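Chain nomenclature is as follows: A, B, C, D, E, F, G, H, I, J, K and L, assigned in order of appearance, with residue numbering initiated at 1 for each chain independently.
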Amino acid sequence: MRLLLINGPNLNLLGKREPDLYGSSSLEAIEDSLQLKAKEIDVEIDCFQSNFEGALVDRIHQAVDKVDGILINAGALTHTSIAIRDALLAVNIPYVELHLSNPYSRESFRQKSFIADRALGVVSGFGMMSYQLAMDGLLSYLREATK
Amino acid sequence: MRLLLINGPNLNLLGKREPDLYGSSSLEAIEDSLQLKAKEIDVEIDCFQSNFEGALVDRIHQAVDKVDGILINAGALTHTSIAIRDALLAVNIPYVELHLSNPYSRESFRQKSFIADRALGVVSGFGMMSYQLAMDGLLSYLREATK
Amino acid sequence: MRLLLINGPNLNLLGKREPDLYGSSSLEAIEDSLQLKAKEIDVEIDCFQSNFEGALVDRIHQAVDKVDGILINAGALTHTSIAIRDALLAVNIPYVELHLSNPYSRESFRQKSFIADRALGVVSGFGMMSYQLAMDGLLSYLREATK
Amino acid sequence: MRLLLINGPNLNLLGKREPDLYGSSSLEAIEDSLQLKAKEIDVEIDCFQSNFEGALVDRIHQAVDKVDGILINAGALTHTSIAIRDALLAVNIPYVELHLSNPYSRESFRQKSFIADRALGVVSGFGMMSYQLAMDGLLSYLREATK
Amino acid sequence: MRLLLINGPNLNLLGKREPDLYGSSSLEAIEDSLQLKAKEIDVEIDCFQSNFEGALVDRIHQAVDKVDGILINAGALTHTSIAIRDALLAVNIPYVELHLSNPYSRESFRQKSFIADRALGVVSGFGMMSYQLAMDGLLSYLREATK
Amino acid sequence: MRLLLINGPNLNLLGKREPDLYGSSSLEAIEDSLQLKAKEIDVEIDCFQSNFEGALVDRIHQAVDKVDGILINAGALTHTSIAIRDALLAVNIPYVELHLSNPYSRESFRQKSFIADRALGVVSGFGMMSYQLAMDGLLSYLREATK
Amino acid sequence: MRLLLINGPNLNLLGKREPDLYGSSSLEAIEDSLQLKAKEIDVEIDCFQSNFEGALVDRIHQAVDKVDGILINAGALTHTSIAIRDALLAVNIPYVELHLSNPYSRESFRQKSFIADRALGVVSGFGMMSYQLAMDGLLSYLREATK
Amino acid sequence: MRLLLINGPNLNLLGKREPDLYGSSSLEAIEDSLQLKAKEIDVEIDCFQSNFEGALVDRIHQAVDKVDGILINAGALTHTSIAIRDALLAVNIPYVELHLSNPYSRESFRQKSFIADRALGVVSGFGMMSYQLAMDGLLSYLREATK
Amino acid sequence: MRLLLINGPNLNLLGKREPDLYGSSSLEAIEDSLQLKAKEIDVEIDCFQSNFEGALVDRIHQAVDKVDGILINAGALTHTSIAIRDALLAVNIPYVELHLSNPYSRESFRQKSFIADRALGVVSGFGMMSYQLAMDGLLSYLREATK
Amino acid sequence: MRLLLINGPNLNLLGKREPDLYGSSSLEAIEDSLQLKAKEIDVEIDCFQSNFEGALVDRIHQAVDKVDGILINAGALTHTSIAIRDALLAVNIPYVELHLSNPYSRESFRQKSFIADRALGVVSGFGMMSYQLAMDGLLSYLREATK
Amino acid sequence: MRLLLINGPNLNLLGKREPDLYGSSSLEAIEDSLQLKAKEIDVEIDCFQSNFEGALVDRIHQAVDKVDGILINAGALTHTSIAIRDALLAVNIPYVELHLSNPYSRESFRQKSFIADRALGVVSGFGMMSYQLAMDGLLSYLREATK
Amino acid sequence: MRLLLINGPNLNLLGKREPDLYGSSSLEAIEDSLQLKAKEIDVEIDCFQSNFEGALVDRIHQAVDKVDGILINAGALTHTSIAIRDALLAVNIPYVELHLSNPYSRESFRQKSFIADRALGVVSGFGMMSYQLAMDGLLSYLREATK
């Protein structure tokens, strides 16, 4: 089984800035830890981060026929990008939306998500642990679906 | 460590009605499975379900000083009950909001939650697996907090 | 054929208070009269009233496999209870929403109904006669459906 | 006693188009059946249908002093015509609003009615049976009022 | 100088129904009185009333090159008809919007006018006198404009 | 008979600034002309202008028992002052709201009036002539009322 | 004279939780102190608290003919319960709405009250003292009314 | 193949009024030119214009079983008529919505269309050319569909 | 201890106009009675009323360092004046908002208060008694705070 | 004559994904077919697609003085990008907005377009044929304009 | 060159109250410093502050023909006064809106300005420095305009 | 001291297109002039422009620890990009938002800024001079802060 982990704008700063809000682990650490845990259960994870909406769309396109599920933390683009929604629907791969912090406790414009309604599930608020939970949920779904 | 799992209105019907929407496991099965997994890691879980808002409020009150964290699937009351919000804030116990289905793919009135903004985190859309993920997320937080 | 008549909060006061608004018949009189007319055409009607949302949800659950159709005057809960909506949809029994008075001539918050969009039909404004009309409409539908 | 039955735009197509939505009886059949039932209880019913708002307004005006009650299915004009509202209020004859289908299960713009708040009562969703129920409700009211 | 007086739906009932709201003069009396006063100052007034939006549009079209100004009480169509607005703008004749009663003291949907923003002026609330005032205002403007 | 003419903020500039929008007559000229015409029919008019909301409120209070009707062009305060509304309702004197220009053709915030719903009538858009029409309408009403 | 004091959800926690927000007196202490002060002026006060909307509705029903006025702190139900509103209107007993804290300084959803518009008066923000003030205001009204 | 071209209110004035906004061709010229081009490719076009909503509804009804596709420029009724929507859906004939000018560059109330969401396609802003493009698009679709 | 009582626009008319709405006591009587009761408990009250927002702002400024608490019935300015809000916050003196009538039972624009969210507490609906209750509440708070 | 065809995010997937929604032609096929038809009438078309908003803006800038008209299917950016609007207005080249599907039949957020109000015209819903129609409309306009 | 500096309600308190929010310079100090800097470049500045909207309107009127530009910090009246807007537009003098603090970081009602859309420019958030920047911007514009 | 000047989409066209709206200076000229003036007071300014949101986010990230303040004219992205907001908050460098034109005099969607509420200050409407004023304001703040 193969997954794609996508991180959107500003998530490259993880662990470097605003640790109170986002925790102290770097994105690399999160990616490494996730890949390690995945490997133990024979799952491969490709990781991609970009601050460009277009690059995220391109990367999602490339996932066609190569990936069984997508984990996506689109960052600020969650709330503004219909292009990413369209890309996710076009490739027709099950995906899970995840967030480090809880968008409901933040500015009101973070409560609109353009990808949530078509997501398999949503996980938010658990910091770095959100990645782990989202992967567990996605894998559980994929295993059920391929039974 | 001790947790409280609260299920709101209509969740007693789990597994009996609308399996397409909510899956085929009964609430008892979900509770048992959760308690089993918890026991392995030395965590106790009290389970409570009611169709009465008042009973849910009462049960939350009783958790004071006895429970380290709450898992709550308030069902329809998620969207209409300020009393449950007030109860959760009053007892001041960290809680995770969870849903079997993804509220964003359903009626628009399910997109308002009176408890999400003060929740530690939110998990939705993974069916029965949502309970497992919510517990994992809550425990991960509690362990971090008590370190 | 067997029906369930559900009356929500404050309808136990019928005939006792505000006769100008709700008429002078007591709820018992309405129930008796309806049961009488039903009996003539070999229809049984169970009647239930409660001021507790949870009790109404419980009663709807018990109707599974025992009742062919539901007549429901949810009173004020019509406008605030998603739990009752969920219960009605879960048991999947055809139901008719009814009101003694016409909600459109009253406060604007009475114009939102959480159960109307999934109801078989809606009858309002005819006072005590609303119950009779709702039963006639429900039976007409059930007979058609079971032909 | 004398009633007026008014049907608005597109209801002349009843039974000819979209039977799934509106049933298979023609408007004539509905009118005949209603008149027959009415005759048995010594009630006369005038029937009128038009696709022109102006013609409906004219017809309502002519009802002054000749009609005891009005049954009106204004079709699409229910949601857009203040002129029909004004005509109904001007002639000051009790009226019942009725619909074949349940407007709440359809497009959101069908949930605004310009005549409901001043109607004696509203009946919707019972197909052809809605006409019968509306007549029963109107007659019950008129008999009570003239006692 | 030549004017056109247009009255919309239900205004044919003036003086016959709801005298408390609209006064006791018939539309004919209002038209006659206005024509009389106009004749004294060498002004001709054509009068037209219809309950059909289409007929009002047609009549406005016919005014091209024959009429110097329009007095319009569009009744309920004031609030719902863009077709009348378009007709008035197309013929490009100065017009005054008038109402017998004050729309601001009535239902909120009467506070939207599709013709007010392009009207020369608006007069409302003076009952039958509104017609007189609207004519005076229109003539005053036309005289000024043709100086 | 005695009237009070009240002009609100910036109307002291009439004729001096923005003649395209408001005409070229000064406020004094308008007041004089109105008083002249009034005198011919034995009506007295007191005139008052202020840029202070408080002064307008005070002046309205002083009108109690001395004035039969009020003509008010509250200018910008039409859209923002509830205090003037309260003053007009407190003294309980019939009043007419008037405007030189047509508020519907201007900024959207000019379409809210805090005094229109309780006014006897409203006149707008006829420039200086609005004053004359408003006075005619008010006097016509007062004569009718005192018959 | 006899009063009924009703406290809604979570108010049983008074003095035990969140003293910064709600003060350090227990509900029992508040009830006792109020009853004591009432007794001095020959007023009896029945006290009732419940976390169940249905129980509050039932209790209000029982007050018919036994109670001269109601003091109600409906807690979170103030903002969500139409059933309590209906119960208060049905029994037709003058009531005062009261709150310990000032709802205007809290979440925006606390600014909607379903009972305020029909209340005799509203008192909020004075902590435990709100009960005293509400009682004083209610008694002052009742004495005036029975003079 | 046979098409129906429907033009709504005020379009009879085309070429006669407001050439800047709508161009200088008369409606007859547009209809003739369209019929000519259609004849070359063996397509017949019936043309109908009315200022009456009811007449447009009637004409759409008559198209049943006689027409393969409808071109409709409903003019102002685009934004206000649900009856035309219902007629189009009832006859179940593919239709294209067209406009001479671009509704997005005009008043905001022209941005609501009651027929667009069920149209095969929409063409606007190309003046007289909009008719040609709409016909080309409709024919292209019909040919594809009947292949 | 020293208090300042501020009354806004139109409150100088108290007892003179609209006694049904505001009671029959004059403002002077209310002020005298309040000062008398205050004197008994060694509290001084300065009283100020103006119909000018600017004068109210000035008076609030002068209270700095001279007054321990403010009672304010800002009348209509409650709903429109941010300047008074700013003045109250600038002088940083605890204040109580009070109203004679209950704003919730009146026009919807009276339900917005620019000062309520920063007030110590709010009292409304008790007529003249509102002043007494507001003073009691304010003094109770001040005594607690200075303990 | 020279045109520029711009396609926004995800349109590179045309023909590869979701053929039901977008048809089975690839973007290359559409571009080739359009260029072929254009060449026959001596029109050149440059084609550009990107998933990056910035690249689309850059490409529009380069069109200055080189292109007579723009055909733009901005995809999801239609609804979210003000930068593209600004670019189109800055280069001041007439443009036509086009869509394969009909945005009115899809999610509500697709009904907001940031470029429609300044477009020469809009074509939507005809699948691949939309490109042809948009080109025809644009050329027709350009020929008229350069006559 | 001659400028007018206008300060609205509560700005007389500058430096005396809430230094954290508004800085520690008094209004006099700000005015003096501004006049000093202006004098160096041969610019005269008249300064005016009032807590009365009417006085601000009067002062703006007096500026006609005497002043080349206006600097205005209308304080709370920025958000509520249409009268000041009208005065500024009537005198037709270029003006700059300025604020000490940044209104966007404060209450939402401070984000509406009735004067911003017609201002030459807006400066906010720089404390006392906002005055200097606004003057620099205004002078730069005036010099350009008079070149 | 070191500043970063960031210009967003379409600002590379400055001086080349729409001089009436944006002035006739090129972006290079503005940058040069600003750098020159800065050099005189020993301030260095890095300049960056891009039409890509992602590039702007990247550039902001690089400013960490190298820049004391940011001047940002985000152009159209001001109104649509939460990613830029997040980048600015993440690097935690004081920034000033600036605009050449006054967004309040333009389309309503330009009145929402995603960066204004956390900006040190905002300057708009002074054309090229806005850059100078923004720099002066930023430097004045930085000097104060580092005192």
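Keep this in mind: a residue touches a chain if its C-beta (ideal position, glycine included) is under 8 Å from a C-beta of that chain, and two chains touch if they have at least 3 such contacts.
What you are looking at is a predicted structure, and each value in this text was computed from that prediction instead of being measured.
Engineer: Going by the stated contact rule, which chains contact chain D and chain H alike?
Structural biologist: Intersection of chain D and chain H contact lists gives E.
Engineer: Identify which chain pair among C-D, A-B or D-H reproduces the interface of D-E, meaning that over half of its contact pairs, matched by residue number, are the same.
Structural biologist: Checked against D-E: the matching pair is D-H.
Engineer: What whole-number Å value describes the gap between the mean CA coordinates of chain C and chain F?
Structural biologist: A distance of 55 Å separates the two centres.
Engineer: Just curious, how far off is chain I from chain H if you go by their C-alpha centres, in Å?
Structural biologist: Measuring from centre to centre gives 64 Å for this pair.
Engineer: Approximately how many whole Å separate the CA-defined centres of chain F and chain I?
Structural biologist: 32
Engineer: Give me the residues of chain D that touch two or more other chains.
Structural biologist: Only 52-55, 80 qualify.
Engineer: Between which chains is there touch?
Structural biologist: A-B, A-J, A-L, B-C, B-G, C-D, C-G, D-E, D-H, E-F, E-H, F-I, F-K, G-I, H-J, I-K, J-L, K-L
Engineer: Given the complex with chain D, which residues does chain C contribute to the contact?
Structural biologist: 96, 102, 104-105, 113, 116-126, 129-130, 132-133, 136-137, 140-141
Engineer: Spell out the residues on chain A that touch chain L in their complex, using ranges where they run on.
Structural biologist: Per the stated touch rule, the residues are 8-10, 12-13, 16-18, 50-55, 75-77, 79-80, 109-110.
Engineer: Taking the complex as given, what residues does chain E use to touch chain H?
Structural biologist: Against chain H, chain E makes touches at 52-55, 57-58, 61, 64, 80-83, 85-87, 89-92, 114.
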